[in-house]
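Two complexes follow with chain A in common, the first pairing it with chain B and the second with chain C.
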Partner chain A sequence: MSEIAPRTRTALAPPVVVATALAVAGLVLLVFGATTPVLIAPAKAAIALLGIGLFLNGASRVGKALAGPGFDVLFWASAAWLVLLALAIVFVDWLPLGEDRDVAATVTEPVFGIPTFTGTHPLGTNGSGLDLLARSLYGARSSLLISLTAVVVGTIVGGLIGIVAGYFRKAVDRVVGMATNSLLAVPPLILLIALATVLEPRLRNVALSLSLLTIPGMVRLSRATTVAYANREFVTAARAMGAKRSRIMARELLPNVLLPIMSLAVVMISVLIVAEASLSFLGLGIQPPEPTWGNMIAEGEGDVFEAHPHIVLVPGAFLFLTVFAFNIVGEKARQRWDSRSVKL
Partner chain B sequence: MGLPERETVTSAPVPLLQATDVATVFRTPRGAMRAVDGVSLSLARGETLGIVGESGSGKSVLGRTLMGLITDGPETSVTGSVLLGGNDVHALTPAGRRTLWGTEVAMVFQDPMTSLNPVKKIGRHLSESVRLHLGLSRAESRDRAVDLLCQVGIPEPARRAGQYPHELSGGMRQRVVIAMALACGPRLLIADEPTTALDVTVQKQILDLLQSLGEELRMATILISHDLGTIAGRTDRVAVMYAGRLVEHARTAEVFDNPRHPYSRALIASIPHLDLSPHTLLPAIEGRPPNLLNPPAGCRFAPRCVVATDLCTTQSPALTGRAGDDTGGAVACHHPLGAAKEATV
Partner chain C sequence: MSAAALRRLTLRVLELAGVLFIVSVGVFSLVVLLPGDPAVDILGAGRPPSEYAELRHDMGLDQPLHTRYFDWLGGVLTGDLGRSVVPPQSEVSDRVVSALPVSAEIAVLGLLIALLIAVPLAMWSAYREGGIADRIIGAGTFAVLSVPSFLAGLLLVMVMVNSLGWFPRSEWVRIGDGDLLGNLHHAFLPALTVALVELAMFARVLRGDLIVTLREDFILAARAKGMSPLRILFSDALRPSSFSLVTLLGLSLGRLIGSTVIVEYLFSLPGMGSLVVNAANQGDYPMVQGAVLTIAVIYVVINAGIDFSYGYLDPRTRRVHV
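Entry: the complex of A and B
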C-alpha cells in the first residue's frame, strides 16, 4: 500500500498516506498480537506493544499533517480514552456484558478464562467465572465516581477556605494555616486507614475521606493565588467603587483563582484514583463482591498472579491507562492555563 | 492651621471637601510611621487641586485617607476630620462609606496594568458598579458602559466593551480606569499619579481628558503627582507636600512663578528645560527625604535647606499666609523666599 501510494495520484499528500499506513499497520499488529492464540504470552505482548508504538507514531504524523505541528497525539489519545471510559461507565448497564458480581449465576462459566478480545468474555474471567470486562467497567464507575466526588468536594471546600484565608489574612489565615499544616502532617494512608476503621466502607464515606486529602493542597494553592491577586490595584479599585468584601471575593478574586485550582484538580483526580485503588486493595474501600480496580487486583494475591497474570493485568491496565490519561490531560491544562495567566 | 487661604481661594460657601488637621500614622513593628502629619485642605465644587511631592512624601496616603480607603484601625491611626459633602468620612460606618464611594468620590489609580481585573471584560468593569449604585438593569448598564467608553474617547466602544484588559494598550486601559471612576457621576475625583505608568505622548492625552471631563461634568479633581510638569497649567491650586506635611499651598501660577518655600523652589529648579545647553548640571536637592519613623524636630526640610537657621531645626513652622497677599497662598517656612527678597530690597 505504501509502495503504490507515491506512484498513483491521490488527493492526500504522500506523507499523510505513509502515516496512515503506519497507523493501520500498527492497529493490525495490535489486534493480531492480542488475538492470536498460538503465540506465547511474551511474543503477544511484544507484537502488541510494537503495534501500539506504530499506531501512535502514524496517528501523530496524520494529526500533524492535518491539524498543524502543534498536534499532540498523546493528549488526544488520552482524551479519547477518557471519553470512551466515560461513555462506557454511563451505558454499562445496557451493554451486553457478562455477569460482574453474582457468583451463583456463573457456575457454568469457565474460570480464569484468558483474554481473547472476542467472544462472550473479551478480557477473560476470574476465579469465580465473573466477566473481567464487566467488572473493570463497573469498577471504573465506582473508582471515578469516588475520586471525582472527592475532588469536587475538596476543590470547593479547599478553594473557598483558601480565598477567605488569603483575603482576610491575620487571625483567619493563621488558624487555616495551622489546620492545613496539621492535616498535611498526618501520613495520608494512615489517615485513610484510620477513617476507614471508623466509617462504613460506602461510596459516600470513601469519597469524603479521600476529599480530606485534597483539601490542604487546594487551600494552600488558592490562598497563595489570592494573596498574589489581593494586592493588585483592581481589588482596591473595586473597593473604592463601593464593593463589599463578599463581592470582591466572589467577583474579583474567585475568577482569578479558578484557573490554577482547576488544573490542580485534574491532576488530583489521578492521585485519588490511585489512593482509592490502594484502599480497596487493602480491603478498606468498597467491599467485594462489588468490583473496584483495587479489589480486583487484590484477587491476584497468593499464587493466583503467577498462574493467571491477567487477573491482575486487566484491572491494572485500566488503572494505569486512566491515571496516565488524567496526568497527560492535567499537564496540558496546566500548561495552557498557566501560560495564559502569564500573558495577562 | 491653613485657615486663611480657605476664605479667599474657595468661592463656594460650603466646600465640597474639607480636611482639617488630617494625620495618618501606620503602626509598624519598627515604630509609628507618620505618613501624613497634620494636613488641612479644602476644595470647592469643580475646583482642581494638584498635590505634588517626591516619592514617599505621603501624597498617595493622603489621597486614600481623604477618600476613606485608609481608616482608623488596629494597624493605622487616622486623626483629624475629612468632611465630604457634609459627611465626616471617617465617622461613617463601613456601609455608609461604601455608598459614598463611586457616587460622591472616586479614584483613578496609578497603574492601569494592575487596576483592571485580567479575567473580567471591559464592559463588566463598568456595568457592575453602575448596577450596584444606580440600580440599572442589565441592558441599561450595558448601554451606560458603552456611553462611558465613548465619553473617555475610546474608539469602537461597543467592541471594546467585549474585550479583556490585556487586549487594550496602556493608554486605553487608563481611559477605562477613568471611565470606571466616572461611572456613577462622582463629585470629586482623586487621580493618584494617573500617568506615571504611561508613555509621555499618552500622558498628555490622559491629562487633557481628565481636565476636559472635570470641566464638562463640573467635577472637583485632586491630581496627585510627583511630576510638576503634569500639574502646571492644569490645576487651579497646588499643594506641595514634603515628609507628610504641606509646605506650600497657593494658586498654581503663583507657585511656579514665585515659589516661597525653599523646597518648592528647589523642585521647580530641578525640572529640565529644553533651552538648557547640553551637559548642563541640573540643580538637584542634596540629601534624602527624612525617615518618617523618626522625623527631625522642627522643619522637616531643614537638614536639606540652604537657608535653614537654628530656629528651623528646633521649631516647626506653621502654614501661614503672607501679610498683604490676597491670593490665598500659604507657606510653612520661617524664612519664606518672597519675604527674604522684600527684606533685602
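Entry: the complex of A and C
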C-alpha cells in the first residue's frame, strides 16, 4: 500500500503543477490587463480575455486531475460567483463600503475615480463621487430581489394554471391557451414598457410586471408535462383507488411537473435580470438615486463613457457575470431535469 | 386546397382574431390602470371644475368603458389611433407610420447580419464537431448570449466609434433621401448590435441540427460520390437542418423587437423604440397604446406566417392533421 501512494502522486504531479501554473499565469495576465496604465483599451481587454481563458483552462485541468473527468470548471466558477454575490448582498449593510446614494455625503470624494482594486474605492467612483462597488452591490440586491420574486410568483402561478389546464383539457385548456397566446402576442420588453407607462416604478410593481413575462412559458411547460403524465399508470391507479381530482393534481402530477419548471425557472432568472436592467437603462425601472445595474450603466450614456469607460464597464461586468452564471447553472439544471421527450 | 386544410386555416385565422381581440382589450385597459386624471394632466391643476368636465366630455372620458373601447377600436380599424396627450399633440398614426420603416430596417438588417454570420459559423462548428474551432465558437456564442443588447451596443460604440472611429454614433439618414450608402453606414452599428444575440442563438441551434443531419445516410452517399464539403453543407444539409432555426426565427422576433427598441434609444434613431420609450417616460398613453398595438399586430401576423412556412420546409407536416 505504501508503495502505491507515492507512485500515483508522481504520476499525478506534473499535469497538476503545469495546470496550476497555467491558472496562475492566467490570473496574472488578467490583473495586468485590467490595471496596466500603458496600453490602449482594446489591447487591455484582449490581454484580460487571454488571461481568463488561460485561467479557466488551467483550473479545468486541476479540477479534472483532482475530481475526475466530469469536472465542469465553468459550472463551479459560476456557482462560486453566485454564492459570493449572494453573501455580499446579504451582508452589504455591514461591509466597509463607500457611500452608495447620498450625494451630499460625497462632496469631498474624488469624482470619476478609476478602479484601483485597492484602497477606499476599489472599483472607482461615479460622476458624483459615489462608490461604484457599493452601488454595484446594492444594485445587485434590488436586481436579484426583483428577479427572484418575479420568478417565484411566475412559477407558482404559471405552474398551477398549467397543471389545471393540462389535467382538465377541453374548455379550460382552450381558455388558458388563448390567454397565454395573448400574453405572448406582445413582445416582452414592449409589454414591460407599456406597464411602466401606467405603474409607478417601485420594486413591487416592477417585480409583478416581470412575473407576467414568466407566466406563459411556465404554463406551457407545466401543461405539456402534465399532459404527458396524465395518462400514465400511476395516475390511472390513483383514480381507480378513488382519489379526488385535487389529490391527483397535488400528489401525483405536481411532483413530476416540479423539476422541469424549476429548471426553467433558473433559466428565466437570467432573462429577467436582463429585462429589469433594460427597463432601468431606459429610465422606466427603479429610479436613481436607488442604484440598479441598468441605471448605473445609463449614467455612462452620452459622452460620459468616452472619457470614463469604467462607469459602464463596472456595472456591465457585474451584469454580464451574473447573467452568464445563471445561464450556465440553468443549462446544467435543464440538461439534468428537463426531459427531452416533453415538447413545448 | 383540401377541405380539411381549409378548415384548419379557418380555425387558425379565428384563433388569430381572438388573440388580437384580447390584446386590443389589454392595450385599451392601460387607460384604466392610469393613475390620475388625463384632463388634469392636459389642462394643469387649478382650473374651474367645469373646464375639466368639458374636456372629459370632449375626449369621451365620461362614457362607460365598453363604449369607449368600441369607439377606440372603431378608430383603430379605420387607421385612427387618436392623438398624443403631450404637446404638440400630434396624430399617433402619423408618428407610427414615420417611425415604423426605421425599426423595420434595423430589425431586418440585424436579422440578415445574424444569419450571414451564424450559418457559416454553425457549419464550421458542426463539420468539425468537437474540434478547437467548435469549442471556441461554442464558448463565444454562449458568452454573447449573456450580454444584454444595451451593454453590447455601448461596448461596440466604445470600440468601433471611440477607439477606431469607423462609424458615426448617431444622426440618421433616411432611405428616402436617396443616400443609401449613408443610410447603411449609419444603420450598420445598430443592426450589428441587434444581430449579436440572435446570431449566437442561431449558430447554436443550427449547429445542433446540422450535426444530426450530417450523420444521415444521404450525406454519406453524397460524400461517397465525391462532393465537396461546402457543396454538401450548403445544398444537402442546410435545408433539412433549418427546421428549428425557422421556429427560432419566430421565437426570436420578440427579442429582436425588444433589442431594436433599446438600440434605437441608445443610438437615438427615430424608430418605434424611441417613440414608445419617450412616450412611456412622458406618460403619453395614446402614443404607447398605438405603438404597442401596432407592434403586437405585426408580431402576431409574422408568427402566423412562420407557422405556415413549415409546410414548405418539411413536406411531412402538410399531411399531418394536428
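Things to note:
Keep in mind that, in the parts below, the second predicted complex is superposed on the first by the 312 of 344 C-alpha atoms of A that agree within 3 Å, B and C clash if a C-alpha of one lies under 4 Å from a C-alpha of the other, contacts with A are read in each partner's own complex, and residues count from 1 in each chain.
In this text, a contact is a pair of C-beta atoms (placed from the backbone, for glycine too) under 8 Å apart; a residue touches a chain by one contact, two chains touch by 3 or more.
Keep in mind that this is a model prediction, so the values were computed, not measured.
After superposition onto chain A, the modelled positions of chain B and chain C are compatible, with room for both.
Within the superposed three-chain model, A:123 lies out of touch with both chain B and chain C [touch as defined at top]. Applying the stated contact rule after C-alpha superposition, one finds that A:181 touches chain C and leaves chain B untouched. When the two complexes are overlaid, the chain among chain B and chain C that reaches more residues of chain A is C. Legend: residue contacts after superposition of the two complexes on their common chain; A:134 is shown touching neither chain B nor chain C.
Contacts of A:164 after superposition: neither chain B nor chain C is touched.
Looking at the shared chain after the overlay, A:239 reaches chain B, while chain C stays out of its contact range.
Applying the stated contact rule after C-alpha superposition, one finds that A:305 touches chain C and leaves chain B untouched. Between chain B and chain C in the chain A overlay, the least Cα distance found is 14 Å.
Put simply, chain A touches chain B in their complex at residues 232-234, 236-244, 251-252, 255-256, 259, 341, 343-344.
Across the complex, chain C is touched by residues 40-42, 178-179, 181-182, 184-191, 193-194, 196-200, 270, 274, 277-278, 281-284, 294, 297, 300-301, 305-306, 309, 312, 316, 319-320, 323-324, 327-328 of chain A.
Here chain B touches chain A in the complex through residues 67, 69, 98-103, 106-107, 109-111, 114-120, 128-129, 132-133, 164-166, 177, 180-181, 183-184, going by the rule given at the top.
Residues 15, 18-20, 22-23, 26-27, 30, 33-35, 142-143, 145-151, 154-155, 158-159, 162-163, 253-255, 257-258, 261-262, 265-266, 276-277, 279-281, 283-285, 288-289, 292, 295-296, 299-300 of chain C are the ones touching chain A in the complex.
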